[in-house]
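Across the two complexes that follow, chain A remains constant while its partner is chain B and subsequently chain C.
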Partner chain A sequence: MKKFMVFASIRLTVFCLFWLTVLTFWGTVYQVEHGIYEAQDKFFDSFVLLGFGFLPLPGGMLVMTLLFVNLLFSFFVHYQAGWRMPGLMLIHIGLMMMLLGGFFTKVTGIEATVSLFEGEGRNAALSRTEWEISFADELHSVQAYQAVDFSDLRKRSKVEFRDSELKFKVLEVVQNGKGLRVNEVEKELDVIPKSSADFVAIEKLPKSKTPEDHMPAVRLAVEGATGVEEILLTPRDQRPLGIESEDGTVRFIMLRRKRYELPLFMELNDFSRTYYPGTETPEDYRSLITVHLSEDLQRDVIIKMNEPFRLNGWTFYQQSFAVTDNNSEMSVFAVTRNFGRLVPYWATGITSLGLAMHFLQMQWMQLARRRKKS
Partner chain B sequence: MKLLPLLFLIGLLSGCGSESELDLPSKAVLDDVAQIPLLYNGRVMPLDSFSRLHMLQFSGRKSFNDEPAVQWISRLLFEPDTTENDAVFLINHPELLDAMGVERTEEIPGEKKPSTRRFSFTHLSPGILKLEQIAQQAQQIEEENRGLVELEALRVYVNVLTYRALGQVFAYARELPGLVLDNPEIREALQLSDEDQVYTYLDLRIRVGGLGPIMQKAQEEPDPTKWTDAQRDAFTLAKMMFTFSKNLSELPLSLLPEAPHGDSIWIAPMDGLQSPDGDQQLIMAAERAGKLAQAWKANDWEAVSENAEMITLFSRARMDHVRETALTGKEARFNRANYFGKAKVYYILTFFLSFAALLSGGNKLRIAAWFPLAFALLFHTTGIAWRVFLTARPPVTNLYGTFLFVGLICLLLSLLVEAFQKNGLGLFAGSFVALTFLFVADRFGAEGDTMHKVVAVLASNFWLSTHVLAVTTGYAGVWIAGVFGHIWLIMKVLGKNKNVLDQVRLPMEGLLGFGLTFAFLGTMLGGVWADQSWGRFWGWDPKENGALLIVLWTSVIYHARIAGIIHEIGLAVGTILGCIMVMVAWLGVNLLGVGLHSYGFTNAMATGFWGYIIFELIFIGVALAFIYTKKRKPVAL
Partner chain C sequence: MPVKLLTISFFSILLFSACGRKVEVRDYVEVVQRPEQPQTAPQIASASTDPMRAAPLTVEAIPENLPADHPTLQGRLPPSAGGAGPNVMAGRESEVAPAPEVTDLSWDLPPGWKENPGNGMRIAEFYPEPDKPEGLVTLIALSGGAGSLQANVARWRGQIGLDPKGTSDIQHLDGKEHFEFLTLVKESQSMEKPQSLIAAIYQQSGRTLFLKFMGPTEIVASHKIDFLQLASSLDQKETSE
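Here is the complex of A and B:
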């Protein structure tokens, strides 16, 4: 048991808190050059980070895990007499909840967007940062498709789809790149891959500050009716690529933003925005949508800034809008699903209550001591 | 006989007095003018606020010499010629003057020294063409690549353009230069008497209907060469009036609401006069505005008051659904009351009295310090309360507001310490911090409208009053703990005994706890707001991180103290570093220019921010050096 006592050490707490302070400061400054998402990946979502490119240092995830363990052990080791210090107990319970809630959200949460022009409707949200390879029997299949996450693709790994004899092997995966056409390629190619946009090669691009802007690409080898051939998929393809199987059927494959099916069909009736008079400062923007929950059940909902619409664990926020060249307005909704959404709320309440109780108690005891002394 | 020179002098002085009274509007007249509502920066505000903002924009000051801003702007609007020699254009970089080809100094009548920073329009006039060229070139350069002179040229050029445009707003009520109407037929049609030799656009606009029959007859004759002199003159006059109105349309003084009870579209008086819908009320209000300008020029203050009141009533009646329109008088009074300026004076008094009390240990001085403090507190609180009332928002919608608020909370926390300790320390620390923050707020106030509208995502009173109030209260707690940290270190350097040091340490610890509690609550409520608004509790945004830094750092101090890693000196140094954390969260993250919370931040503020951090680090270094040198033996941190 003694060897576990190190996890209850207050020096470990100081280390974790201090290192989190350093990471928070460093990660914030890092954002200026590299953007918020890369800073998040490198400093806060990592177990180990390479400081200055070579020095392995504890990452945010490792420190927060340690802090959680430390809180847990401290709770059992130090607070047997906890009822004398109820504030302290509440603080630690609240913080543990906060860390657990954050972890749960990180693992299970979904963040996506739905963009709609007036009169348009959708029942799926698109991920902002994740991509997938979709595989369908029909060219414009909306419902019947299979998908493989782009993040699961590794070089030389194999990809198969149900009810299909087609076998795919990953030859090249690029996180951010652009397709090149024949006239843009300098070296001679051994094999010209098939692509619906006539791309023949991929040019790697540096990481962008905003991963939403990343355009991934993948080169695959496929065994089809015409033997082994290479195909190249990029988000700029515009249309799926048809591949003929040995049995003569044609299947369609495409690289696209990852889809999340929504528990409703949402249709944008009207989008309006108002500005403070004579300025470009937005005062309000809102969308009037019709939510189709089933064939017979539908209702109108207004989604506006600070007033989202919630349904079965999903939340729809008015995020932004865009105006096209022909003055059509597109409303953009952020869509999230987070079953642990309320955990941080509870954790905030409990920890704050604990802090208030603890410091009031401390001050009270301090004053009592001074009175006694005087 | 001996009294004759004296009588002469009295006569001369009284003559001067009466003349100056004739020239200048009384306070009551200015009050009427000051409260005229107009639309600027997306909100309805009184002419007084508009004037202060423009005065600040032009000169970096809230008034011109001793002349209130509203009076100077009124002169610019109603008789612009009288302002041309006023040195109001602030130029921070003399190189710009060189580039413009004008002198670096300007002799100001009545001033001993020539002006080197503020210049009149007359002084700058020869270089304005050059200024325009420099500004246009600067416009071509990308914003981040513009040098100081280019930035200055753009700023000054905008000011000159605004000055010129404002001077033209009431041109329609002034004499039209070079217009001669000597055709008797035209004069008769316009009902001009022999005395009428000076014409304004407004006069003609009212009477122009009289030209109708002449013009109608002219239209019956397709060949203009066969027109009579009167017909030709009528057409020339109509054309001149059209050109005049076109040139002076959409000037930057949105004085009149266009539609009754409708959208907040406010237009300049000249545009009101041309109302395309023939809105008679609007046209009459524009005429009133013109008469106001004429009355001002004629020093007819009674007419000025009457017309100003009528315009105010017109706008309020039309915009009765817009709350601010009814409050312009109150806002003008609030501006004039200068609560924060008065609070500063009393804080200075409190500071010196409490400092003297601390030095002498005198109880009478300490008690005496409470009197100015009571007034300072009253003015400070009243000022914030007025701002809340006028904006209908919590007091923390911008950096200016947060400094006012945090200053007040710091003061209240210090008074709590004073209530327990009764040694003058709370009075001293509180008055010092409140005073400093009021001065810093002034710096932010000089950047523009401090009661501006907030963007859509911030337009939530619930979250502004929970998250922002909580987190700024946390700033206050940690900051004032840091102030006590400074005092503790100074006392330690001065070799005070443990009892005295404990009187500082105990509140320091308590205030740090208070700061931690509210900083935590505020930070997490920020997460809740973010979750409610755009669906994620935490996104590692710089402002979120800044607030988290305060929470983490104060937690580090507490735990390090419990673990015995740091002792009293470490605690004091830790609280001072806590102040730096507060500044990083409050202002520093704005320097990064990333994330959802990035606001505009000027170079001067950035310099101030870095200057502050360097000062704190030097302070800590020097204090520690003194403490260690004095002891000549290892001291537990």
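Here is the complex of A and C:
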């Protein structure tokens, strides 16, 4: 049992807190040049980070995991005797809850966008930063898709879709790039990939500060297709690529922003906006939407600035709007899903309660000691 | 020893959880209801043009290497459209711009039919009976040969429950454009609403057009003449070059 004490060590706590401070400072400085997403990815979402490009150092995820383990062990090792320090126990519970809540939100949280013209309806939100390869046998207004996340693709990964003879193998995957046409490629290509935009190769571009601007690209080898050995997909294609398999069926494949199926179908009935007089500062803009929850259950909802609509862990914020040249208005909603939204509040409450209890208990004990002395 | 074991196990789990992820396939159904009026691409609202349209909007930069006939460039955005910032057009890039094929085709809409604009490769949608959306006619353009005629017929046969390998009569008809005409009827008594599909296929230079009418047999049968009129009226406008 003594050997496990290293995980309950106060030194480990101090190291973790110190290193988190270092990471926070370093990440803050780093993000000025590289952007917040890359800083977050490198310093806080990683288990190991390469300091100065070569030195392996503990990343934020590893340190927070160690801190959680440390708190858990401390809870059982140091405070097991008779619950004499209820305040300290609550503080530990609150901190562990906060770390767990953060992890839960990271794993299950979603940030996406829905944009609707008046009269338009959708049941899916589009990710701002994530992409997917979607696969369908038709392209209807109501369409079943199979999809793989672009972030799961690695060189030599194999992708197979149900009920299809077509098999794909990843030859090249680029996080940010652009398609090149034949006249833009200098080297001779062994195989000309099929692309609906006539791209034949991918040029890798440097990472942008904002991942929303990234345009991924992927080149795939295809098995089981008629007349096609390789395909090249980019979001610039504008239209899905049709591939005929050897059994005669045609399937459509495309690289596009990742879709999140919503627990509702939302239809924009009206969008309105007002500005402060004589200014360009929006005073209010709001959208009247009809939310279809099932075939015979629907309700009208107004979503406006600072007054989002919430449903089953999903939150719909009025984010922005656009106007077409024929004066049609498009309303843009930020959509988030965060089932652990309230966890930080509970964790902070529990920690505060623990601090207050511990403070009062210490005062009480000091008072008792003084009385005893006198 | 237990501490070493625990530490090794912990880091092994971390190591293996970080690499070698399997490419998993997700399933979802996307439902998109189009607005009544055709949309064109949103413009950037700026104070210099119209203060009432000022909005926190930027539109994705148009790549430089697109061909001149690419849909992105079809009368979409002013040259100043590119920019950084929150991208409200994310994912709508291919939806707000009409496909290039739209501009060079015309047709006569049969009386009583409703027409909706398409997007991307779908040029238009037609509803012979607007209150019965299950009877839908679509006009789709695919570049190149878009698969052999037999391959498409086999796929359509499968869609209405016929044997994909079965034979189908294909007629060669002439309207304003030459097209192949096909009728597929599923005559199963067990189905509540037997499905039918009629289609006109136009082979044009560099692309194939598919005018397809699919739905319950009663709707398809009662509008077959209208469909043929629509198919015959489809015409490629002359473009001035």
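The definition used in the following text is that the second predicted complex is superposed on the first by the 324 of 374 C-alpha atoms of A that agree within 3 Å, B and C clash if a C-alpha of one lies under 4 Å from a C-alpha of the other, contacts with A are read in each partner's own complex, and residues count from 1 in each chain.
The rule is simple: a contact is a pair of C-beta atoms (placed from the backbone, for glycine too) under 8 Å apart; a residue touches a chain by one contact, two chains touch by 3 or more.
Just so we're clear, the structure is a prediction, and the values are computed from it rather than from any experiment.
Q: Applying the touch criterion given at the start, work out whether A:374 contacts chain B, chain C, both or neither, answering first, second, both or neither.
A: Neither: A:374 stays clear of chain B and chain C.
Q: Which partner does A:14 contact after superposing on A: first (chain B), second (chain C), both, neither?
A: Only chain B is touched by A:14; chain C is not.
Q: Kindly classify A:294 by the partners it touches after superposition: chain B alone (first), chain C alone (second), both, or neither?
A: Neither chain B nor chain C is touched by A:294.
Q: Thinking of the overlay built on chain A, is A:344 touched by chain B (first), by chain C (second), by both, or by neither?
A: first
Q: Identify which of chain B and chain C touches the larger number of residues of chain A.
A: Of chain B and chain C, the partner in contact with more residues of chain A is C.
Q: Pick one for A:259: touches chain B only (first), chain C only (second), both, or neither.
A: second
Q: Does chain B (first) or chain C (second) touch A:319, or do both, or does neither?
A: The answer is both, since A:319 touches chain B and chain C.
Q: Following superposition on chain A, which residues of chain A contact chain B and also contact chain C?
A: Touching chain B and chain C on chain A: residues 275, 282, 319.
Q: Across the complex, what residues on chain C touch chain A?
A: Touch list, chain C to chain A: 1-3, 6, 14, 18, 21-37, 39-43, 45, 47, 51-57, 59, 63, 65-67, 70-72, 84, 86-94, 96-97, 99, 120-122, 125, 136, 138, 140, 142-143, 146-148, 150-152, 154-155, 158-159, 164.
Q: Within their complex, state which residues of chain A touch chain B.
A: 10-11, 13-14, 17-18, 20-21, 24-25, 27-29, 31-32, 35-36, 39-40, 43-44, 98, 102, 105, 111, 275-279, 281-285, 305-306, 308, 315, 317, 319, 334-336, 338, 341, 344-345, 347-348, 351-352, 355-356, 358-359, 362-363, 366-367, 370
Q: With touch defined as at the start, can you tell me which chain B residues reach chain A in the complex?
A: Touching chain A: residues 39-43, 254, 263-266, 420, 453, 455-457, 459-460, 463, 506, 509-510, 513-514, 516-517, 520-521, 524-525, 527-528, 531-542, 545-546, 548-549, 552-553, 555-556, 559-560, 562-563, 565, 584, 589, 592-595 of chain B.
Q: Contact residues on chain A for chain C in the complex?
A: The touching residues are 3-4, 6, 47, 62, 113, 115, 117-124, 126, 128, 132, 137-149, 152-154, 157-162, 178-181, 184, 196-198, 210, 212-213, 215, 226, 235-236, 238-240, 242, 244, 248-250, 256-257, 259, 261, 265, 267, 275, 280, 282, 319-326, 328, 330, 332.
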